[in-house]
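Two complexes are shown next, each including subunit A; its partner changes from subunit B in the first to subunit C in the second.
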Partner chain A sequence: MLKIIIPTVMLIPLTWLSKSNMLWINSTMYSLMISMTCLPLMNQFCDNSLNLSMLFFSDSLSTPLLMLTTWLLPLMIIASQHHMPKEPPTRKKLYITMMILLQIFLIMTFSATELIMFYILFEATLVPTLIMITRWGGQTERLNAGIYFLFYTLAGSLPLLVALIYTQTTLGSLNLLLAQYWIDSSTHIWGDSLLWLAYMMAFMVKMPLYGLHLWLPKAHVEAPIAGSMVLAAILLKLGGYGMLRITMMLSPTINFMAYPFMMLSLWGMVMTSSICLRQTDLKSLIAYSSVSHMALVIMAILIQSPWSFMGATALMIAHGLTSSLLFCLANSNYERTHSRTMILARGLQMILPLMAAWWLLASLTNLALPPSINLIGELFVTVSMFSWSNFSIILLGINIIITALYTLYMLIMTQRGKYTYHIHNIKPSFTRENTLMSLHLVPLLLLMISPKIILGTTY
Partner chain B sequence: MNPLTLSLVLTTMISGTLIVMTSSHWFMIWVGFEMNMLAIIPLLTKEHNPRSTEAATKYFLTQATASMLLMMAAITNLLYTGHWSIMKLINPTASIMMTMALTMKLGLSPFHFWVPEVTQGIPLMSGLILLTWQKLAPLSVLYMIMPLINMNILLIMSLMSIAIGGWGGLNQTQLRKIMAYSSIAHMGWMLAVLTYNPTMTLLNLYLYIPMTVTTFMLLMINSTTTTTSLSHTYNKLPLITTLILITMLSLGGLPPLTGFLPKWAIIQEMTKNSSIIMPTLMALLALLNLYFYTRITYTTSLTMFPTANNMKIKWQFKNSKQTMSLPLMITISTLTLPLAPMMMILD
Partner chain C sequence: MFRGVLWLLAGRGCVGRGLSTRSGGSTPDWTEKVSEIKKKIQSALPGGPWDPLYDTSHLPPEHSDVVIVGGGVLGLSVAYWLKRLEKPRGAIKVLVVDRDHTYSQASTGLSVGGIRQQFSLPENIQLSLFSVDFLRNINEYLAVVDDPPLDVQFNPSGYLLLASEKGAAIMESNVKVQRQEGAKVCLMSPEQLQNKFPWINTDGVALASYGFSMSSSRMQTSSGKEMTLKRIHEVHVKMDHSLEYQPVECALVINAAGAWSGQVAELAGIGKGPPGTLEGTKLPVEPRKRYVYFWHCPEGPGLETPFMADTSGAYFRREGLGHNYLGGCSPTEEEEPDPGNLEVDHDFFQDKVWPHLAHRVPAFQSLKVRSAWAGYYDYNTFDQNGVVGPHPLVVNMYFATGFSGHGLQQAPAVGRAVAELVLEGQFQTINLSSLLFSRFYLGEKVEERNII
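Entry: the complex of A and B
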């Protein structure tokens, strides 16, 4: 794992010592090369033996997330190039350094063996993200957004720290490779429920669960594009990854503790999808759709069946790529009209046809069109939810319909119809933007061919 | 101040603390405390204005009361056990009175009322000495009498201190008061774990002192005492804004900075002793502290504060203030979390 971490750390001197005109090129190119070094990890053995050291390991759950993380850094750097040209070089380098620092913490988080190290790095990812949102966001609401983001996550995760230390003192070690052998089926006391809650609330806030999701629209909307991309694609998945790792230690308390969260997720999924239909702010629409997709992941993890774990993992990767792609598309609108209001940039198909193709593909994957991996995720989750409880199909079906509704609403609003008269003098699409969109879509479409690498541990 | 006077005062203050730390007779500890207190009074009144006089008076009254309580506790112990030795503070009344006296000297709740007002009235350097050096003597006595302290009283006082340190600092814009409430909260953390594993108290102290020294040094570079004037730092020394950011976040206890290490160690020690609700409450209340530190970073480094726009852009001269060992202190106070396994040497 050091062969990925050390080059990422060395990207920081690369950023600070580059000449100003080579800054973006250098960082993009080298971060792309680092993502290539992550690919050989995909060769997973079925006995989970890819244990690289005492500190780092990578199994078939963490490898796709690692791959997504390393793939996203060059994309974030490409996306940030446009709104930074007037800043002094020091500030540009600081911005890229924040992204690289976040990347280092994320790589170490996904490959951590020891749960306390996972916790420390999980918290550590908050600091660069907070700095990116607050320092480089656009509007005054970003201050509030940063505070909500920081404090919701911290208030959820401090009980997690206490719970982890308690488990370490009672069980002896928190090494993840050993934890899978400790399923405890003895009689349970009510304190076990509190322990379960302490473990799960941190990840529930991060996912986010419907009742605790207030930070997400604020943070996503106010963040600059790189911040939005990394928030939507990776940081939400940290919650899902944590839950997937920890639930193997927590059964069977989960059987009865899961019900309130299942209800919140089922209802919240439908609610947030419905809210999307009434949004005027494009980024806010995509943020609420993230909440809705992640509610599916929460439900899948809570019912703990092999199919649902496969669906959760596939959905996480697919949603990461799709959501990040949608944010990039929304940002390309924002850079032209300097407004996030959807109706100010309508009828773009006439003016930017290639961008309309990317919008179409992004919308199609967002509404889980077969045979994309989004569909695989949602389908596995729906099927396993049906076997858990027959009635949930009603709400899941309603959610799928409303997802299709708001995605098509977004597509038709921005692309079709008559364009507004103030939009005819926007700049045409840059090659950089087309590269960005295609780099998002190519993994998404190629994974259709062999989705088994993203199906996680229970494949 | 006249250098001769200053050296005399500092020597007396330092030797007072050393006498406290090295004696085993209660009378000598009282002597050490009195020397320390009397010597620091001139340091508190370095600027001759009524506010410093008020601060020095408040300090004198509380510390003198605490010393008298300490003497009373020692004599009560003498009455019941016949010993002047520190290790034989067996009588419960004496032990409780001694705990009250020492926590009054530290500024722990419910005896915390003097800390913000005294810290506010004195110059920054004296405030630094007040919040760091003056904590050494009472904490060393508490460390020595640790087995004989009533745990319940100490835990209640610590929890109240963390709560008051958090909520009290929320409405402040004066940086010295913010640092005072921060000191109250950190003392709460330090004393909560004293009866479980006093090594962690020392760990917290050894990390709290560099972090506070760093913060005060950064404030002294700008000679600022209010949040508003701190927000002008970006104009004069822009690099300092980044350093203020990471120091404040470290004080608030965010991983991966050093300030997380004492909190983690204290939660670990308390959990090992099957006390789980208490560290959870303490950790959640520490978030209040983090809020006002984050507010300082917002006004300083993460935004361009509105009032700062009226200021002309200044020529950026080379910094001519003495900043002894500031880089070293910053490194210690923010980047030493990976060295956590080395803390075993404290045992």
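Entry: the complex of A and C
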């Protein structure tokens, strides 16, 4: 693990000591190289984990997420190049440092063995994100957005700290690998339910669960592009990852606690998809679609069946790439027209045809077109949900339809039709932007060939 | 709709979160105080944009989709129609800026307030027809729930245009065009004129066209700041208010600045280039001062008085029910008054306006001028007709200005046309492509054949 962490830490001196004209190139290239060093982690025993040290390990659940994290850093840096150049060099470097810091925390979070270390880093990821949103976000609402983001997540995760410390004192160790083998006594007391709640709430807020999702549209919309990308792609998955790990530790007798959250997720999935149909702001639409997809993941994790775990993991990776791609596309629109309203920038297919191709592919993966990995995730979740309860298929089916509806609505609104007059002289797509989009799409499309690497521990 | 426009003008660009003051409170003072307190609490609580350093709620927002420069009747009309025609509700954020919220020099408030459909250009006729319909059914468009219905003091008395021998042929062909477009006009001979309006002296009148029209004199309110624009291809608008400065990022700018549209266009870099090229074509709108006089004549014409325009160019209309009249005359090119200030020249009335009035309406030989004021025409020096639509080079600047004295009467229709252009990309209801900016460069004049 150190071979990933130390180079990432050394990216910080790289940023600060680079010359201004080499800043972006250096950071992009070196972070790409670091993502390559993450690949060998894939080579591991599929029935167990790769125990690298006392502190770090990686198994088939954390490896795809680690790959996604390290892959995303160069993409974030590429995406930020346009709106950054007017800032003084110190601020640019600070921005990149925030991104790198976030990256370090995320890598360590995903590979942590000790749950307290996981918790500390989980909380630590909030700080650079908050700084990115409030300092470099677009509008005055970002301050509000930052506060919502911070306090929702903090309030949700304080009970987690208490629960972890309690478990540490009762169990003696919070090593994740050992905790899997912890056999719990069968009779349960109501305190167990509280413990379950305490464990889960932090991740529910992070996912986000439908009732606690208010911070997400605000944070995603007001964040700068790199912030939106990392929020959508990785930070949401922290919740999913945490839930996947913790459910192995919790007693199976209190699984009835999952029901309220199942209901909230089922209903919330349909609700947020419907809200997407009404959105006029492009980024807001993508943010709500994130909530909808993550609701599927929550449901899958809560029903705890092998297929659903596979679906959840696949969906997390697929959604990470797709959502990040959609945000980059929306940002390329925003940089040209300076407005996020969809109806002011229409008919882009005529003007930027290659970008229209990326839009098309992004929309197709977003609506889970076969054989993309989004479909694999959604399909596995749907099938396992059906076996859990026959009636859930109705809501899941409605959600799939509405997802297709709003994705196509977004595609048609921005790409098709007669273009508005005032966009006919926007700058054509930069190579940088095309690179960004294709770097998102290439993993997404290549994973179709061998999705087993993202299917997680129960494959 | 009207409330939507008001909230937009308050600079927030989002539908009010229950910051309503329409609680039907007992006295205005009380509701004022309550709304102040509500505003203070609102700014402290989460849920809105706030800056921890200082209160910025009086500044315009940092971002708006459309910025309309000029808060007169045209600017507000465009804002209204943009919000009314958008399909998903709350899609577009509109910001209207004006440099003077008292409207002391705005043409809107100083206008005589007449509407006619007797134009020679079909587009003008259609614009006026729709505006007439708008004003007639104003409560359908602008009424606010729980408020008393609007009364814009709409007097459908008609508009009477007189033509001498020379102008008779033109008037006839105009009337034909007007009838084709659907205006209700009738041509009258001097005898018929004498029968209908006994107080007219039909000396020298060959033909009269009498059409449907009205006058209105009330306006709606808004807020405002000053602004500067940046150049071609860039979409930043900066706001200035005393020393405070708020850059408003926007996607579109609509120039509805009336008499000062030329200056605003220059700020955007329109017209900076070698003359004769498209870059060098300026927006030919400049302020021209016009006087309006208000007099009392006890034996003057009564209730059936139309808005009368004499062959000499003098015009007048009835105001109220007490034998008061408003009127004036367009000066010839040589006697153009200096538009630097809004001082009234009373000798102009004595020398130029009164003789013609007295000739046409003998009762006006004895009248007493009660007051007078001056206002600006946003005079289009090229062809005295409005400019509507985008600029070919500064792609996100739209014009809605230069109507040279008939802006007020065509404002609702022009607002709708510009909103359609922004939202749909083309004119849907009235095709104003002959009024685009490019005609200045191509040299195609779109002229009206009788100007007041």
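By definition in this document, the second predicted complex is superposed on the first by the 453 of 459 C-alpha atoms of A that agree within 3 Å, B and C clash if a C-alpha of one lies under 4 Å from a C-alpha of the other, contacts with A are read in each partner's own complex, and residues count from 1 in each chain.
The criterion applied here is as follows: a residue touches a chain if its C-beta (ideal position, glycine included) is under 8 Å from a C-beta of that chain, and two chains touch if they have at least 3 such contacts.
This one's a predicted model, so the numbers in the text were calculated from it and none came from an experiment.
In the superposition on chain A, A:T169 makes contact with subunit B only, while subunit C stays out of contact range. In the superposition on chain A, A:P159 contacts subunit B only, with no contact to subunit C.
After overlaying the two complexes on the shared chain, residue contacts for A:E141 are found with subunit C alone; subunit B is out of touch. Applying the stated contact rule after C-alpha superposition, one finds that A:N425 touches subunit C and leaves subunit B untouched. Judged by the touch definition given at the top, the superposed model places A:T15 against neither subunit B nor subunit C.
Once the two complexes are overlaid on the shared chain, A:N331 sits clear of subunit B and of subunit C alike. Once the two complexes are overlaid on the shared chain, A:R278 sits against subunit C while remaining clear of subunit B.
By the touch criterion defined above, A:T382 lies against neither subunit B nor subunit C after alignment on the C-alpha atoms of chain A.
Contacts of subunit A with subunit B, set against its contacts with subunit C after fitting on chain A, overlap at residues 143, 147. By the touch criterion stated above, subunit B contacts subunit A in their complex at residues 245, 249, 254-257, 260, 264, 267-268, 271-272, 276, 279-280, 283-284, 287, 290-291, 294, 298, 301-303, 337.
Subunit A contributes residues 105, 119-121, 123-124, 126-127, 131, 134-135, 143, 146-147, 150-151, 154-155, 158-159, 161-162, 165-166, 169, 198 to its touches with subunit B in the complex. Those residues of subunit C that touch subunit A in the shared complex are 46-52, 56, 61-63, 65, 86-88, 90-93, 233, 235-236, 249-252, 390, 395-396, 421-426. By the touch rule above, subunit A contacts subunit C in their complex via residues 138-141, 143-144, 147-148, 278, 280, 337-339, 341-347, 418-425.
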